[in-house]
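In the two complexes below, chain A is the common chain; its partner is chain B in one and chain C in the other.
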Partner chain A sequence: MLEATQTMTTKIMSPINLLHKHQKALAPIISLLLILLVTAIITPGFLHLRMIDGHLYGSLIDILHRGTPTAIVALGMAVVIGTRGIDLSVGAVIAISGAVTAVLTVNTDFPVWLVILCALGSGLLCGLWNGILVSVFNIQPIVATLILMVAGRGIAQMITEGQIVTFHSDTLNAIGNEFFLAFPIRVWIALALVLITIVIMRKTALGLFLESVGANVRASRLVGIEARLLVLSAYLFSGFCAAMSGIILAADIRGADANNAGLWLELDAILAAVLAGASLAGGRIYLALTIVGVLIIQTLTTAILTSGLPAQYNLVVKAAIILAVLLVQSPKTRQLLSQLFRKNMDYSA
Partner chain B sequence: MINERNLPIFATLIVFMMLYGFGMYEYRGFRDTLVFTNLLTDNAFLIVTAIGMTFVILSGGIDLSVGSMIAFIGVLMAYLITSLGLHPLAAIAVAVLVGTLFGAIMGIIIAYFDLQAFIVTLAGMFLFRGLAYLINLNSVPINHPFVTALSDIYVPLPGRGGLTFIAMAMLTLLVIGIILARRTRFGMNVYAIGGDSHSAALLGVPVKKTTVKIYALSGLYSALTGVIFAIYTSSAYPLAAVGVELDAIAAVVIGGTLLSGGVGYVFGTFLGGMIQGVIQTLITFDGSLNSWWTKLAVGGLLLFFILLQKGIVTWAKRRTSPT
Partner chain C sequence: MDLRAGEIRALLGENGAGKSTFIKVLTGVYERDQGTIHLDGQIIQAQDSGHAQRLGISTVYQEVNLIPSMSVTENLTLQQQDKTFGLISWKKAQKRAMALLAKVGLDIDPSKQLDSYSIAIQQLIAIARALSNDAKLLILDEPTASLDAGEIQQLFSLMKQLKEDGLGIIFVTHFLDQVYSITDSITVLRNGESIGTFDTAQLPRAELISHMVGKSLDDLAPASGQNRSQQPLETLLTIKNLGKQRFLQPIDLNIHAGEVVGLAGLLGSGRTEVCELAYGATKADQGETTLKGHVLTQGSLRSAIRTGMGYCPEDRKQDGIVAELSVRENMILALQASRGWWSPIPMVKQKELVEEMIKRLAIKTPDMDKPIGELSGGNQQKVILARWLITHPDLLILDEPTRGIDIGAHHEIIQIIQELCAQGMGLLVASSELEELVVFAHRVVVMKDRHKIAELDGEQVSEHAILQSIAS
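And now, the complex of A and B:
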């Protein structure tokens, strides 16, 4: 009898254990589903998908489409955050890479692949600059990347000579707006980038090394990890991602706007990584969940727009959500809650 | 006299004098007092924000919400005056109180929930910008005789220059800031926390209470900036002062305050703000350079001062450590 009860409890407990094990993963996913559900109830037809000429259309596809640039930037940001860093310059890098794309398309006969390579190269250069300041000169990441955040838009304006440069290129237009196998091409690009990054970070030792550098630089040096090179490569990757996002954003509007391209995107990217449970103190990141974080932000934005609420609610709602998530994540809150819980337990006992 | 603590501020002073001297040498118009008093007026809002930011950075934190706060307070003030018919003085009092309160709330979250200042003030940045949008989406003029009278105050100086109300308000707030930092217990606590918050706590510094006060002070100064900005432009606009937090941080760093906290002077921040103003004025005087050169020059100066600080800190460590 007793044994039977015990097996019963283990059987009941096991899904709870499973939940407990993946608790971190659940919060963002459940939040995303909840937001989708609420929006679907408020706005009829929100979940509706239509197939027109082999292209999927609907609010859900729109969320994917619009979320792509942020998702790519957030991927790089998550890797940087994993090394206990932060990259504030991604917005400026987006502007630079967009400017390079536009100016090279308009002023030179470069084939498109070369233009794209040059734009990605400009992002890598920016990443190299940030990485050297952080890893070689040991400057705090917030400060080091602040320099490029301030000066970067100036560089982008210098490249476009202060104008909004518009261009025409069929390939770039395809990257910005066209479809492949029912989904927008840019979503496929983002998906490929995310999958490659996850494989590299989770199936090779590189991810482990990066997180260990974020968790404890000195200890990881002692076990023989080349911390400087790893930190440098994290900023290189972030620069690369930002440049990729810059190309997509420029291709989307067929022009480069040095002042407004990617404005405040760094904040959304940081927010997505934090929503996913990344610790700004370094040492742990969740790449797939970061994408879920981006989708949460984008769904909220789209939901607010389609629900008929004025667009200006967007920022207030976003702020309220960040604060709520931060307070829930804070160890102090957990301490307080567990104290309350314990008191109640004592009381009932 | 010159040690590693005040070397950065001397560098700031030298950069300022070199830039200003270059302007005076190159352009006849630059020698008039008008240029200097215009610098005071045009950069008043940046300098006032940066003074509040100095305290935050001295304590080892950062406040990203100041730009949005300026816009929010301006729009709130305009709403109170034009829609509710409040007297500007009452509106200013309410707006400044609201700003200080919001700053204090951010301070409480940072101090008592052990969260990073960076991310909390980032949320504040979204919140205040959003609140500004909620009150008003458009640019509203503030046409009240009292506000016009304030912006008309002008004390002529020798030459063609003169002090406006805004410039005088900035200078007053600067003096208050300097006294607060160097002559009060609060100021000493700020330096102690920035130097080493753990040791400060062991020495009996009320770290949490002081942290709340620091962010409340930053909220107060950026709210006052919002008021100054509204008087300066005689209007309020929810998209005003985008990116001012970066300029303010740049002013503090160029002014010689260590971003790791504990070392720096409020007066240096004043110089840092003025340097940005001089660069802008020089570019205007030149006429052939474009506005983006300001961003590049400020970015370059930022890099120079950060590397200078780094060098000084390394040098000081090497000198004090026995090895």
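And now, the complex of A and C:
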């Protein structure tokens, strides 16, 4: 009886219910808009865009441009986190892929496409390593990927022989810094990667299986879903994304810096996935919202820099705002809020 | 309830009878709200399990609650370290550990890691630790569940020795044979109430079982009178000599199309084990399963599912639902898994299938995109049933399909079982509720102590007959 009544009320209040259902998705988006709004008030001209020689310029474009490497890495991270895992090695993989790109460009006659393929291949190998440790040897993801996080930078240093290797290549330079149809090329690359991933995840059953395995591996096994290969492929994908990001970062500075390329980027990527609403205990994967999460982090960084706040406050202010966003998103807070909301509804009804 | 020193008492009862609550009150995990506990003539009130142990009540749980990665010595002396000048003296600790192990008749190297020893030895080590603080009352909660026959004998001789030393022992178990071979007296609990305490030697099995299930054999009609002899169409499933060590004694079983085979037995008798081995959820180490003429690959669930099997596990929360996913996603999961990830079921088709199932099974949910974790138990169970019905299985294995759901849904699920059977599906249904089994089962396989002890057919199926075979 009770449930029947619920069904009826649902039908009547469907617009409100729709809002309620997507409440989770709204939180990061509203957070991003709020941060943009506040920054625009503090820093005049923040939202201003100029068109010069068919290229868009402005703080917003700068955010997109700088956010690209993190966005690509976060995409892979979101998938891995969905399987109840984590990939700490992405920063190191960025260094490896950058090193491969630089060394091959300088030392060989390989065409650019082959260099890029080799760099991506190095990322896939790293992903394979992580995936095997996690899914075949059942090592906890945080430990398994920690190995490559530490060793990876060493490998990158071995590839560059401890030097910062600079290179010149028009194509790579274009990937790093040039524009196409008003936007930076790397933004287009990231956009394409995000869209392709979303299509593969949602238009095949891959996303469903990954989420099912992440949320309840025992139940998934009993319906015949083989978790091992799925988890392995998630780490492969994360390695691929990190390598892609490594190519862009190397192209950006026209060189490979094994010590600093992608340093601490894994933490931003994890944070972005969490801001999107993902649980580190696995389950739902939010790809588009993870990109919103990256934009929140990048907007904060850029906004604090342009606001004229003394540089030493940057990190603390950033942390405080992110904490606020996470608090708003936490189930506990949401429960409190929805209780308040419901009370008001009762009165109005 | 009184327990004398030097007495071994069995504590018996079905699921939810209150055994674990009773133990938890005794050991101070739960606060009692009435009554008193006397130990050696003194009223005691344990604040927590540590306090209970200091008072002389020690418990050994079914799952060994020692720390596998620590050495035997560390495990034995964890609660009470041997110190010299305020620092732990491992020499003293080792000595005390050896002394404790000697008490339970173990001669092993205590410096080795605990998990390098077998479960049986670990169990004895757990008892040694329980005895470490001059226990007067020892509670053993299903200590024999994962032991083999020889190990059980070893445990029993230890129990007899402890009994002679004047210890009172409360022995919780599901194995009636063990009750009769070791205990002096029996206390039966049912639905949170004490039914009574009996002398083991003077309580016939049949009477004990009727106390446990709350039905007297005399009250039950010898046969239910329902005539269900019918011509089975074809043999669907043949299980030959299927078994696994320490899990299930080899079993033979046939299921025909259009037939419901019930699995009866007390808690821990092996009902669930039969379901798990038949489906392949647990890999058997001997025997084979044939479905529709195909021999199934042991341990390959996909081959079982593709050949036409479905399985609703006993533990719905752990093994059934994927709580965060929606009703729709949960429902299509098995079908999608058998098609593979590259061949998604079109969304329109998904909605159609789910809509149809929601209607057919009367699943109460505001919409199909609600996370399944937010539905009631009965509706969750129906979604899991629907998950398999969508795959059009020939054989469905249901382990306790009506556990933990309300009366209305309970009735509906029984109806669904009968309908499916009428449509020609074969079903294997394990249930602890005899009155429900005899309603829908054409045949009943009775399990006891992980053996198949009887198979009742057609007119023989009755609560009376089932209880009688368990008792014999």
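Criterion: the second predicted complex is superposed on the first by the 305 of 349 C-alpha atoms of A that agree within 3 Å, B and C clash if a C-alpha of one lies under 4 Å from a C-alpha of the other, contacts with A are read in each partner's own complex, and residues count from 1 in each chain.
Going forward, a contact is a pair of C-beta atoms (placed from the backbone, for glycine too) under 8 Å apart; a residue touches a chain by one contact, two chains touch by 3 or more.
For clarity, every value in this text was computed on a predicted model and none was experimentally measured.
Undergrad: Considering only touches as defined above, state whether A:I155 meets chain B (first), chain C (second), both or neither.
TA: A:I155 contacts chain B only, not chain C.
Undergrad: Using the superposition on chain A described above, determine whether A:L323 touches chain B (first), chain C (second), both, or neither.
TA: first
Undergrad: Once chain A of both complexes is superposed, is A:N177 in touch with chain B (first), chain C (second), both, or neither?
TA: neither
Undergrad: Taking the superposition as given, does A:F137 touch the first partner, chain B, the second, chain C, both, or neither?
TA: first
Undergrad: Which partner reaches more residues of chain A, chain B or chain C?
TA: B
Undergrad: Quick check on the superposed pair: does A:L146 touch chain B, chain C, both, or neither? Answer first, second, both or neither.
TA: first
Undergrad: Determine, under the contact definition given at the top, whether A:S212 touches first (chain B), second (chain C), both, or neither.
TA: second
Undergrad: Go through the superposed model and pick first if A:I225 touches only chain B, second if only chain C, both, or neither.
TA: Second partner only, chain C.
Undergrad: Touching A:Q312, do we find chain B (first), chain C (second), both, or neither?
TA: first
Undergrad: What residues on chain A does chain C touch that chain B touches too?
TA: Overlap of chain B and chain C footprints on chain A: empty.
Undergrad: Flag every residue of chain B that touches chain A in the complex, lowest number first.
TA: 62, 109, 112-116, 118-120, 122-127, 129-131, 133-134, 137, 246, 249-250, 253, 259-260, 290-296, 298-300, 302-303, 306-307, 310
Undergrad: Could you please specify the touching residues of chain A with respect to chain B in the complex?
TA: Contacts found on chain A: 86, 137-140, 142-144, 146-155, 157-158, 161-162, 258, 267, 270-271, 274, 280-281, 310, 312-320, 322-323, 326-327, 330-333.
Undergrad: Quick check: in the complex, which residue numbers of chain A touch chain C?
TA: 3-4, 6-7, 10, 21, 203-206, 208-209, 211-212, 215-216, 218-226, 283-284
Undergrad: Using the touch rule from the top, collect the residues of chain C that touch chain A in their complex.
TA: Chain C reaches chain A through residues 281, 301-302, 305, 311, 313, 318-325, 329, 333-334, 336-345, 364-367, 369, 376, 387.
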